[in-house]
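Right after this note come the structures.
Both complexes shown next keep chain A, but they swap its partner, so chain B is in the first and chain C is in the second.
Let's look at the complex of A and B:
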């Protein structure tokens, strides 16, 4: 269990065309025992940041501290990866192909001064927790993706590390087993009370494991907070898009009879809050309904919309529609095909997100 | 489609045909008795083979050839792995290229020139011994003692050809997925351990190629013993190849051909199983 602090960390690559800032002024403290997720699109800099924490690279500028001791500063790695007591699961698992699963898991222990019997005991213990005891004598190439991932995980935790780093741990797994894999990792992380850092572009990975999330976008840490905070109150459209589907619309807030009304085309939605004038809003499809008024509280009729296209996706119908008198497209999900061309749209005003214009 | 494949193999086929013609011509001569004593050759079965094998020089030259190639394979692989390991862990790409070029340098120079340089270095008074004297080490009787003659040749062969296994092992090491090496670093492994447990075991291809090439190249070495002894007559520096030249200079042509054929058979016998194993592994992947 260790507390990790990044202070003004930059990672700059000098190329012929100029300098590329992979990371810009990252300031972050991950508490001891915390499960922290790093979310961002591909190329945002999250793997770079993880590699700096692992010690495989040094920050060009700034400091990295473990429990308030400097481990890397200004281009130099002061405490090497082998001395940071880190367990890491790589995206491709990076198992040693010439060793059996048992030897793979035992490898970190062979670099520590432990007796063979103790080594065997630890490996078997970890294998039991991860349910891979039956495949220990097999080589990585003989194992399925899920099994390889568990071997990689076993190898990372067998040495009782202070930090567990997971780099896109589920992207190489079949969609079917991803959920059970996420549950497994969550349970282990809780049981072992390790500091865990997960890096992913998939919000489901992050939400299943993390207490707190840091969103990295184009090298900058744009928002840090609990997963629900990021989901409900994203600071920008970029963050909102990362987490899930969102409709991005332009509208105007006008005052009518002492109330604020958000107007998008012909739609009129009563809202609270001090927004005025031209606004950019985000509404997630799950906060919109068509045709039938939902029975739960908090829904309001917004007005009539025209259905443009209907497609079938993953068990429901994805309907693209526009407000009357406006071009902007809105996406809503329905369980049955929309019957009419013009239908009523219902919305939950409390879940509308406002962003600076 | 068939015409293109035919055209593609044509150059190889032509050269292959010429090569085979020469080899079979050689084999044909080996079944005659052509020599100074029989200027007009006539068919004589395997008598030339028998004469060569029962000759005084055959056993010693065979042993010398095997010593030379055997040592080269063993020490060439060991040194090659060591050098490749050192080069692999260098952080600067430029330094790696620089040192690798130096190690390969002897292969770029004619073997005769290499032999000449070492002939001077082996000079009893003025060569390496001159340096040894200044360092307080004893003189080594490189070419003056019969027991040191083959070792002297072996040293040159290893020095010249170590660049090959170093290159192939380095290529093999660099072909290993870098994240596996990073995982090993995070697991606390030292560079030597990474070399032993990860780099070498995953370099079976490097081993196969290096061993095959080391054996073949050293088996056919001619210039080194010839130049170090000034001719083909010193039996302490005589390998099979040199012996066959000796037979040629003394005009025992059929026996020379017989010996050449024997040399080809030995080389083939050792390399073909290797090549088949290598091809099998390649197809498996």
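Let's look at the complex of A and C:
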């Protein structure tokens, strides 16, 4: 296990049109044994950051430390990737096509001074945990996607790495087996007490594996915290949208009978807090409900909405609504198809997020 | 209204293709045909009958007469060509891997350095042998290798390592960069990555390059001409050129010598030709490594 810290890390690519900042002033410490997620849209610099940790790239400015020992500084790699004891699962798995699954998994061990029998024992041990013992003599091209991913994972963990890096590890898997793969990775990491860094644009990967998340936007680390913290109180609308589905709405806060009311078209929601005038709010779909659905305490009626379209998605119906006299779209999820065209919308005011305009 | 177009039937089309292919093949094969049949003619007939007419009384005697002449040159050529081409293909492949790694390295300016060195090597490939005659000969004389196998091999390496690096670059760059990175993270050094990961994946390309260089070095006339001084060190192309028969030019025997001299590259190509084609195919299909 190892503690990794980045101190004002920059990565600047010089292009013909000038300099492109892939990473800007990243300051971060990933504790030993932590499961850290890096979330960001594509092109945000998250893979670059992971490659810097792996030693495949050098930071243009700044330092990277492993257990307080400098491994890269100001454009120079001081400790190379081969000496950092890193296990990495690549996005496309990068299995050696000319070797069997066994040889793939054993490859990192051949670079260490250990005996043949010990090597075989270690490979078989890992294969057993990952349930790939039966395919060890097969070549990668003869394996299914899920098996290939397990072989890649086995290759990454067989040498007991001090840190396990996962670069979009599930994006090449079928949706059907993605969840079991996530559970497997989490269990293995737990069992081997590994420091894990997972990079993904899919919040599901982050939620299932990590206990702390850093959100990268245009090369900048915008927010670091627990996944649910970022989900419930994101720093910006971009972060909010990245970590889950959210309705972005423009409205106005007005005072009525001494109470603050958020008005969006014909919808009126009583809120607390000192917001005034034009506001931008974010409301997650689970905090909105149509009148047919059951509600506990804390829900208030917001007003009538018109059902625009209903689609089916992942086990429930996704309903697109608009307030009357306004064309902003609101998305809610339901267990059944809404019966009428105009219905009452309920909302949990405490869960509404306000963002800078 | 659509204009009526005359469309050839698939059958007619393929017949036309084959006719075209046949014409090209015939043009290519005429000199080979002439070389082979004239070796079977007697000395009188080869001078009196037209070159493309087959012998009226085929005889093996010209071949028998020259067989011993080529014995030493063929052994010389085999030693030089096989060693030179194996060495240059292996070293050239390593060079190609080096350029690939260098162009992907994060060191500042490594991309430019890689491009510069690569251009230099490409330039080296296109320098004609004749232009290097004096410096090359001086060099080989200075290191005391004139008229020896090592001298011939060294001079061939000078020309064929760049050629191999150039050709192998086409194949090596098809291997995904992430495989090299994975191997590096697994703790492997460059030599191990090259032999365990890169080389097995570019074997078809490696064999294509090897065959190309064997044939190039086998047919190389100029280097053995200037770097050998005694008949016992002659390679096949020089021996063929030097052969004129006992007391005057015996054309039938010259043709026989030429035929025998072509046999070795032909045999190599027949046995390894499918790898040659496979290598070229792998290149065209952008060989999916993963």
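The working rule: the second predicted complex is superposed on the first by the 353 of 357 C-alpha atoms of A that agree within 3 Å, B and C clash if a C-alpha of one lies under 4 Å from a C-alpha of the other, contacts with A are read in each partner's own complex, and residues count from 1 in each chain.
Note that contacts are C-beta pairs under 8 Å (C-beta built on N, C-alpha and C of every residue); 3 or more make two chains touch, one makes a residue touch a chain.
These numbers come from a predicted model, not from an experiment.
Peer 1: Based on the superposition on chain A, does the combination of chain B and chain C result in a clash or a fit?
Peer 2: clash
Peer 1: Let me test your reading of the model: by the given contact rule, A:54 touches which partner, first (chain B), second (chain C), both or neither?
Peer 2: After superposing on A, A:54 lies in contact with both chain B and chain C.
Peer 1: Should A:96 be classified as contacting the first partner (chain B), the second (chain C), both, or neither?
Peer 2: A:96 contacts both chain B and chain C.
Peer 1: With the two complexes superposed on chain A, say which partner A:105 touches: chain B (first), chain C (second), both, or neither.
Peer 2: Neither partner.
Peer 1: In the overlaid three-chain picture, which partner chain does A:199 touch, first (chain B) or second (chain C), both, or neither?
Peer 2: So A:199 meets neither chain B nor chain C here.
Peer 1: Should A:230 be classified as contacting the first partner (chain B), the second (chain C), both, or neither?
Peer 2: neither
Peer 1: Identify the partner contact of A:119: answer first if only chain B is touched, second if only chain C is, both if each is, neither if none is.
Peer 2: neither
Peer 1: Does chain B (first) or chain C (second) touch A:77, or do both, or does neither?
Peer 2: second
Peer 1: Of chain B and chain C, which one contacts the greater number of residues in chain A?
Peer 2: Counted on chain A, the partner with more touching residues turns out to be C.
Peer 1: Can you pull the chain A residues that chain B and chain C both touch?
Peer 2: 54-56, 80-83, 86-88, 90, 92, 94-98, 107-108, 111-112, 155, 159
Peer 1: For a test of understanding, state which residues of chain B touch chain A in their complex under the given definition.
Peer 2: My answer: residues 177, 179-180, 182-190, 193, 197-198, 201-202.
Peer 1: In their complex, what parts of chain C are in touch with chain A?
Peer 2: Residues 106-108, 176, 178-179, 181-189, 192, 196-197, 200-201, 289-290.
Peer 1: Contact residues on chain A for chain C in the complex?
Peer 2: Of all residues in chain A, those touching chain C are 54-58, 75, 77, 80-84, 86-88, 90, 92-98, 107-108, 110-112, 140, 155, 159.
Peer 1: List the residues on chain A that touch chain B in their complex, please.
Peer 2: 54-56, 80-83, 86-88, 90, 92, 94-99, 107-108, 111-112, 155, 159
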